[in-house]
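Residue numbering begins at 1 within each chain, and the chains themselves are lettered A, B, C, D and E in the order written.
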């Protein structure tokens, strides 16, 4: 059972396999989520107008280029790289960008181009107790936002709802605000992930202070270490990305959006602080575990010592009177046997008193 | 009992639940201190004039806008967000500020606006051995200061007294000096919190060096770790806030207040130094605890070894003469039994001498 | 066998022997790969043209100085320093550069000269489970690239193929792009090395959680520590080198190549992040190992304690009735022996129940 | 006795009690050295002239304001705050300075004012094995230096001697050089303190490697940790202070004094380096202690194991022939008893040989 | 013997005694190498000319001030401070420099003066397994270089040879190149020192993994820690010195020497990297040692547990049939004794099988 558990908990891989030995600029998907079809989820909106539909035909997306509306094209599935290239060429994305969109190992970054901003970041979620990481790319142009995900299922549900029902200032704002809202949803989701992790840490702490002495705790701590390192690997570079985003002074980002981005930066710093704190907590769990083990060993040793210290002298006394010497006067006393019992009781309680005084009992 | 204790000590939560999936700018209270009514504590003063009263009616606060007086409106209770919004709109606070006022997870920060400064920070206090954290926001305008607290009860008692009795230079100074005085009270309070923590550390150290071997010490150290991390989470960003405050060159802050803010910065650096030192001390407590456990185990082992090493050979000797061989000449000696006792006494004291020489006794 | 294993695993040397006490600028090979002949692998190409051949005659390389083509001269073998000097003088390389080319201890660096750029970096690979490090120097001039390796065998196979078959934009680009492609191949290879290391870490983790308790694990962890420190020693300065390369504004590097170098910088940062994460993981393996050992000792102690605690009292009881007192009424009871067995069974199961309750069984 | 020792060694307090809830600028003494009278030690000198006297009357100090001489007024005792205020007002010191002079918790700092420089720093000394910390403030004006100490007794003896006997260039130099000489005496004294600490560390190391296994070592290490943290708390900010002093370009400090301040800065950096090294050494002492304990436990275990492993089988053998089976042929052998002894001797030496081979003996 | 060894290994002193309470600028030797005579080793050279001689008469050195030649005066022995002062005054060295020349505690630094550069650094070497540190000062003027050493014997032998035989470009270059060559010899020597340390680390590692369990290993690790900290104390500030040297733009240093200094900087960075790596390695040795001890204890415990677990039940069985109950049917069985042996063999091999399965055997 322990082995089974291990198999389950050791799936966190820090190092993804990397596509190697390709010419730079080659568009090769490096992730594990192979989906045969690429689905597009297109939302086209302006202050008065909202239209949403899904399609598998990449060319349908090209109709939404009306500069009065904002178009958000969300692409699910990166394994069909031909579709990505088609879309990328249509929007005139640089080959290196196209490569980064499908290179799931790419760390979060921001690249400025004349016509658009390109961002890479990671979406984290706990999937059946397992931390999973999804590679997301975002291209923000003057009147469109493209997002690329490895698979369907994301954290943008509320955002789409707000877009549809025109809640907040989102419908009236530009593509820069949409980009902000997407990043905000991702960062908000980090809080959820950290909360989940925080629960795992607390459960582990409770286990640690319990008496059961679960031998899998070391593995679980190791697993938590990997998870927090994973989260940090996603958060730290994103912090730099948002910091740079805040400092960009480009026409693509309106003045009034800046306040929101500064707010977003506050949030990612907040996430980062929590990650650092949990890192310290998880690292110190190992020390806790060591003391727990040592405490337990101490207890075991005390039981042994008490048992041995009481009975070894008594056994010795019994051994004395089991000897076959011809002349042993005590053996022939009328109440010798009872005297012997008396002596034994004295030794027994003397020992108990001694261990009591030492606070071992 | 250990379990009960644990329940009590494990309440320090590092990660507050965060309100998620709301549109940015949505004013939603995220704390736990739900109070049905929002109470306002209004102080209006100038060099000659002092007026103070409390009210539940938010609109009464709006009468105090006489630019010759300084008005300090302290709001207790953030759960009734409608009141916050009303007040915020009256003072023309940006929606993001209104959101931050009620978002208890917000880390300390400073935002400059044209008409006012906005600060967020944390008030810490030990409440029945429990470190609690209260989210405080402060808006400082030309002739008013607004403070928002989660619940009643704060560290501003002395400040109000000084205001009322006109002690110090406070009554003659502007709203910037009042802001400074409020921050100073908060930072001063950090010293109290650290002193309390310092006492807890010392009590724990004494426990560690005692003989009792309390098994809950590991948990208490873990609890202290969480507390110091909590304090650091409040102090470090506030240091940055005050540093930025010192460097601001805006008309809202008078030249002569700058010296005081520099002094305040010295104090928060001082707090920060202490936090770092206690962090190191608490972390090293765990090592201390490990050595204590090991020392104890060593002692247990010595007792066992001494008992066993003395009596096992003696028992063996008794076993020899308990054998039933037909021809065992010693058994038939006249004083065999006494010779035997002599041999045993020699072995016994030989062993004692050996252990004495090894400094185990 | 353990000794044999050690001999095998302890070959990672952090500190290479350094050639000492030579006049600065003296060209002395400091590595271990002594090859009698220096082989040159020359590739000469332009958009339309590709020519490749190998030679041992250094002078044949000098024919390829047609400024319309790009010439890549790859030198294998540094022990024949006369050849290096000849080549270096032909290309007018500064004596310090010639010294660095053959000084295998030289850490990665970049030196700008008027006519060329000089880079030093390390190629890493696992050779039969053994991390080996090869010193590579690169000189990039207007229409040529020189690379110097300690021995034959490298990671540029794919690059040569792409050059030959004109894949990608490489044939049309200048010597700066070739330099980038070479660096890219080296950095890509770091990912392979880290993946290999990651496998070793995982195998070690599995061993740790296994029951076997392999005593060589400490040595293997130590070995991994040395390897990760070795890798870091190669990666960290290369990161600085590429960072400086990105910021150079010199005619030798075309504008359009800059994007690729920025991409390369992203990759080396990515490598660096992974190295740091593995460093933390490997360091924490030691803690894991300690807990594993302690857990095992705990188990051993429990077995001993259970055995001793059960049988020592029973032996004592048997000892009692082995005594030879004249008057021991129990001995003469009709069913005394059976009563005795009854008492022993009670003690035996009482003990079992006690250890069960303590969860030791 | 252990308890007594503890009481003695645990007096190092990291966190001084802070005066709280006073209006900023209130002059309140926060230290522990309550002296009823404030004594002044006044030295007035020029190149040709030297006058020194002590007084309790603060007003006598005011006569020494002849701008051709340099006057050094050293104030011992800060508990009589009225005197401080009188003196402070006479020299027109800002209220915040007056507060800092008596606030012993104030960390080292430098404040520039138009007419004078204000410095705060700590004088450390070991007082009967106990590290004590004295709060010193220094005001340096055009032709005077004021120093404020908590109690009499300082490290300026040599300096006064040099002043009196006109050794060195001090008598001819200005007040800036006097300030430098005072700081130099304080920093020089840090070397003494670190040397003392270094001796304590070495004594502790020797104890550690001794056989005695003193259980108070953990406490002493903890005490050393506190002391080094205390010293660091005094040194690190002073380093910043002297660094800023070096960079000041004000008329109060003459050009030719700058070289000396740079030299002083070298010294405080030197102190700082040593503090960091001792910090590492002291932290690693704990690890040393752990290994010492574990080594000792190992030795104890070996003794137990050897004793038990030798005698338990022998006892078993004796037990065999103590059985009362009717048919046990060995019992009736003529030399059975001697064969038995032979077997026992074989087992005994076999065991010894086994443990010898295992290098346990 | 252990005590003797300790005495030998504990001689590394981190903190040298400092001369205290001297007026700044007082020239007082603070080292331990008291030599009665100061010897001078003078080399005077130009491209065509080379002259070298040794003398004890300081005044003979003053003849070599022909500005067409470069004069290198190497002073051995600092205890005769009068000679230093005479020489210093002749070359018009600032009093603070004269103080630093003989203050062996002075950390590495560089001071610029109008007429010369002043450098302080440390020469390290292992002297009979003991790391020793020699204080070296260097003054570089337009046509002379002065070096001051505590005692005879240095690392400049090769340099002098090269000077004499005119190898390399050294004879034709100026005093700046000579200064570089001296520094280069010192830095090159650091590599030797680190190599020696690396050997000590490897020997210790081998000891650790050996079975002997040498109890002095903890002390040796502690000694290595001190040595690496010592080396770091010499290397880190020298790195800063060389960095500043590289950035100086003064007429004393020719343009063409800059490349060499940059190369030197690369080397000292390289040394620094190695020091950091060894620091990590040595620190982790302690952990290794702990696991080794624990592993050994585990083994000891296993032997005890196996012995006790096998023989305690057997002894109990023998005890049963040693009882004297009147009615014990087994005793009277014809083959009772043999049945008993059978049972014992079953128990014995059952136990062995159990421990085999647990992989303890």
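Observations on the structure shown:
Note that a contact is a pair of C-beta atoms (placed from the backbone, for glycine too) under 8 Å apart; a residue touches a chain by one contact, two chains touch by 3 or more.
Heads up on the chains, UniProt names are A, B, C, D, E = Magnesium transport protein CorA.
These numbers come from a predicted model, not from an experiment.
Counting only chains that touch, the fewest steps needed to get from chain A to chain D is 2.
Annotation: the chain C:chain E pair of sequence copies touches via predominantly different residues, less than half of the used numbers being shared. Separating the centre of chain A from that of chain C, both taken as means of CA atoms, is a distance of 26 Å. Centre-to-centre spacing of chain B and chain C amounts to 43 Å, using the average Cα coordinate of each chain.
In chain A, the residues that touch at least two other chains are 290, 294, 297, 301, 304, 308, 312, 315, 319, 322-324, 328. All chains join into a single ring; listed from chain A onward through chain C, they run A, C, E, D, B.
Looking at the complex, you find that chain C touches chain E at residues 6, 10, 13-15, 17-18, 20-21, 23-26, 94, 96, 105-107, 109, 111, 211-213, 215, 218-219, 222, 225-226, 229, 233, 237, 283, 286, 289-290, 293-294, 296-297, 300-301, 303-304, 307-308, 311-312, 314-315, 318-319, 321-324, 328, 330-332, 334-337, 340. Every residue of chain E that touches chain C in the complex is listed here, in rising order: 158, 162, 167-170, 180-181, 184-185, 188-189, 191-192, 194-195, 198, 202, 205-206, 209, 259-260, 262-263, 266, 269-270, 273-274, 277-278, 280-281, 284, 287-288, 290-292, 294-295, 297-298, 301-302, 304-305, 308-309, 312-313, 315-316, 319-320, 322-328, 359-360.
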